[in-house]
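For reference, the structure is listed below as structure tokens.
Chain IDs A, B and C follow the sequence of writing; residue 1 opens each chain.
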Amino acid sequence: MSAVDKVASEAPPVEAVPKRSMTLGTGASLLMLALLIIGPMFVKNFIVFQLTMLLIYALAVLALNILTGGSGQFSLGQSAFYAVGAYTSAILMEHFGVNYALTLPVAGLICFGFGFLFGQPALRLSGIYLALATFALAVAMPQLLKLGVFEHWTGGVQGLVVTKPDAPFGLPISQDRWLYYFTLTIAIGIYIASVNLLKSRSGRAFMAIRDNEIAASAMGVDVALYKTLAFGVSAGITGVAGGLGAIAVQFVAPDGYTITLAISLFLGMVVGGVGWLPGSIVGSAFIIFVPNIAEGISKGLSGAVFGVLLFLVIFLVPHGARQVAIVAQQMLGKLTKG
Amino acid sequence: MTAMLNIKDLRAYYGQVQALHGLEFGLNEGSLTTLLGANGAGKTTTLRAICNMVRSTGSIEFDGASLTGRSTENIVRLGIAHVPQGRGTFTTMTVEENLQLGAITRKDRAGVTSDIERMYDHFPVLKERHTQQAGTLSGGEQQMLAVARALMLRPRLMLLDEPSFGLAPLIVRDLFKILGKINREDKVTILVVEQNAQLALELADKAYVIETGRIVMSGSAAEIANNEDVRKSYLGY
Amino acid sequence: MELFINQVLAGIATGAIYACMALAVVMIYQAIDHLNFAQGEMAMFSTFIAWQLMQWGVPYWWAFLITLVFSFAGGIVIERMLFKPLAKAPVLTNVAGFIALFAIVNSVAGLTWDFTIKPFPTPFGSSPFLGSQLISTHQAGMIGVTVGLLILLYLFFQFTRIGLAMRAAAALPESARLVGINTSWMIALGWGMASAIGAIAGILIAPVVFLEPNMMGGVLIYGFAAAVLGGLTSPLGAVVGGFLVGVFENLAGTYIPGVGNELKLPIALALIITVLVLKPAGLFGRPIVKRV
């Protein structure tokens, strides 16, 4: 190695998003909330199920957003955390008879620990190297779940069937609708907690690391701690989403959690706007509905149609839904002034 | 003498922020002009605007032809060499490769080879290090390399952005002596942006003073050096 | 011991595939500073073009040549049409673009040529090489072509003006523009070259893995891993990385109990990550000193 190598003040991979623009205004938040509460009352059960999945993937995208948009670390391994969460819930429910609601905190905690531990070796990697490491995790996870040693618990290649919970206290609503509102409650709770996390001291530390790691450590931010913490939090939320997903789909199997899921979540983050938490639900909608739309347009070329639609989105709004929100806000500002 | 570079009503912007507010000045062919000003006055922005490296409006004419709308690389191909702040050295490449890069747009291979030898005459230290990675050079040596790289273009106009930055006073003197020689012998028109006003005024024959994006004073270097305000603000006596 | 040597040899033979792909990966990384996730699909598409030409009766080497020219031009067209408009977009948006390109190419190839596997001819024959049962003449030919390509690339980047200009544009785009280099076209040229190298890789790999739209999936992952292991800035590193990954993969499959075909990939990746944790810039990469 030569004595002096290239000195580069590398641009951070994720653009700096100011703290206040990571969230939504009060008015818009309440409107969104009302839509989410009232909307499902008037649609068919299957659509309610899809809306439940929308919330679940939105949570998973949100988790990735905290990791990437918040702390600047990139992950292609979110599907692994999602899988661990899903299996935790499924195993607790089916083998130990634990109540479905109680399995979720356990799934979250186990994934938090898993993510925190995974964050340790990942500390030495960044950018493309971290992408490769997390990618390896995503590739390995379905194979590990298939291993004969765990087969008694995981059901091997066959997977596990999960019982769908009924609405409690004899409430007169369908299972799907109950699960939707159950998921909505959890999603809102996690969203509010995440917004507060990013506004807190820890959130500032995440963002300082994202924007300039060396400067952050020079200011006394414990870089190693906060980077692994970001991994832990992100994995924990993903794990809860995975648990909810297992309950909603009523089934877990290794091939449901391949790298494709991780890539979908990544696309959801980009489409929603990296670092903009409310965008997570837009991104989630994109990854749930656009493949269906593509299939509807052309069965044989659904992949190509999906690709073209994705290109259209990133050409029109390279910064994702965040960009739309900013433009809308400016126009609204002009209207109220004029 | 005809004006080689003519700038009128130049305004430049960084995003929403306006950095130049209607700058006007000209450079005569063969002159050595200096642009003085404090930090943030807009000196670097002026040079970047000439090479279309920052969004700007107004007119910039070089030899009577407008530079508006031309890309940076096309402007350079007209014979305008720019030694940027921080030198822009290709640190992972050798000294000789850096010099070759300076002449990358030229087609006359023999001329390039002989020009590299000429640069080694101007700057003997570069010859000693010609196979070394440019990043291993000291700051002064890298500045010499940056000047030499710019000269490899056989420019008609050379723009230098704070060549004295971070260099020891003795090295700065050497460098400025060489710049004077290039101006006289090779007939290269030079525009040098400096914070080291004293040295720049000794070297230059014409000077402009820029403050918050506007030219506030212009004249021969001697006149400017004797101006009371300039003496107080920039020369410190 | 003999088993060990045999497995190493077999690993080198498969490693040649990865090395070839890794070269294409490094090429594009040098030009655009990203990993192109659609690279494998582009290579697959090029290979189908060659196959189609041969189906129409074009002789092997002519088909090879036409495919190279087509791929080179195709790479440039893709860059101009799809990625030049994204030049100012965030990095992650560009990555999403690669994924979109992946979906498009894969889907179009599937519709045009369907998903049944097709045999692909080799110009080197497939008899045992020098009497060894482990390396065929095709694999030996592949190693030869990879090494030849590496040497050509080295000569190109070290001794031609355009190679020098490409390196400069990749290292410091702003300085490159200031010496008159059209950096935007250098990027397009990088895409073209990477696409052509990918085509060579695809044509060499197809006789081993058989031709079908998903043939490059696994290969590209190993190719990435190889490039990263060798250090993304070094073509030599990419080739060495490719051979190492091939050997890793084979030895893991042989010596670690319970590792079937399914776990070979995760284990190879885990090994690579271990290397990276110890040496974050890769074996041959240049560490970048960061400045605040």
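In this section, a residue touches a chain if its C-beta (ideal position, glycine included) is under 8 Å from a C-beta of that chain, and two chains touch if they have at least 3 such contacts.
Because the structure is a prediction, the values reported are computed rather than measured.
Among the remaining chains, A is positioned farthest from subunit B, on the basis of C-alpha centroids. Ranked by how close its C-alpha mean sits to the mean of all protein C-alpha atoms, the top chain is C. Annotation: 31 Å between the Cα-based centres of subunit A and subunit C. With each centre defined as the average position of its C-alpha atoms, the distance from subunit A to subunit B rounds to 51 Å. Each chain gets a centre from the mean of its Cα atoms; for subunit B and subunit C, those two points are 43 Å apart. The set of subunit A residues touching two or more other chains comprises 4-7. Within subunit C, the positions touching two or more other chains are listed as 171, 286. Among the residues of subunit B, those in touch with two or more other chains are 91-92.
Subunit C contributes residues 35, 82, 85-86, 88-93, 95-97, 99-104, 106-108, 110-111, 171, 221, 224-225, 228, 232, 258, 262-263, 265-266, 269-270, 272-273, 276-277, 280, 286-292 to its touches with subunit A in the complex.
Taken in their complex, subunit B has these residues touching subunit C: 51, 53, 71-73, 76-77, 81-82, 84, 88-93, 97, 100-102, 104-105, 149, 153. By the touch criterion given at the top, residues 1, 4-10, 13-15, 68, 74, 121, 124-126, 128-129, 131-133, 135-136, 139-140, 143-144, 146-147, 212-215, 218, 263, 266-267, 269-271, 274, 300-308, 310-311, 314-315, 318-320 of subunit A touch subunit C in their complex.
Put simply, subunit C touches subunit B in their complex at residues 161, 164-165, 167-168, 171-172, 174-183, 286.
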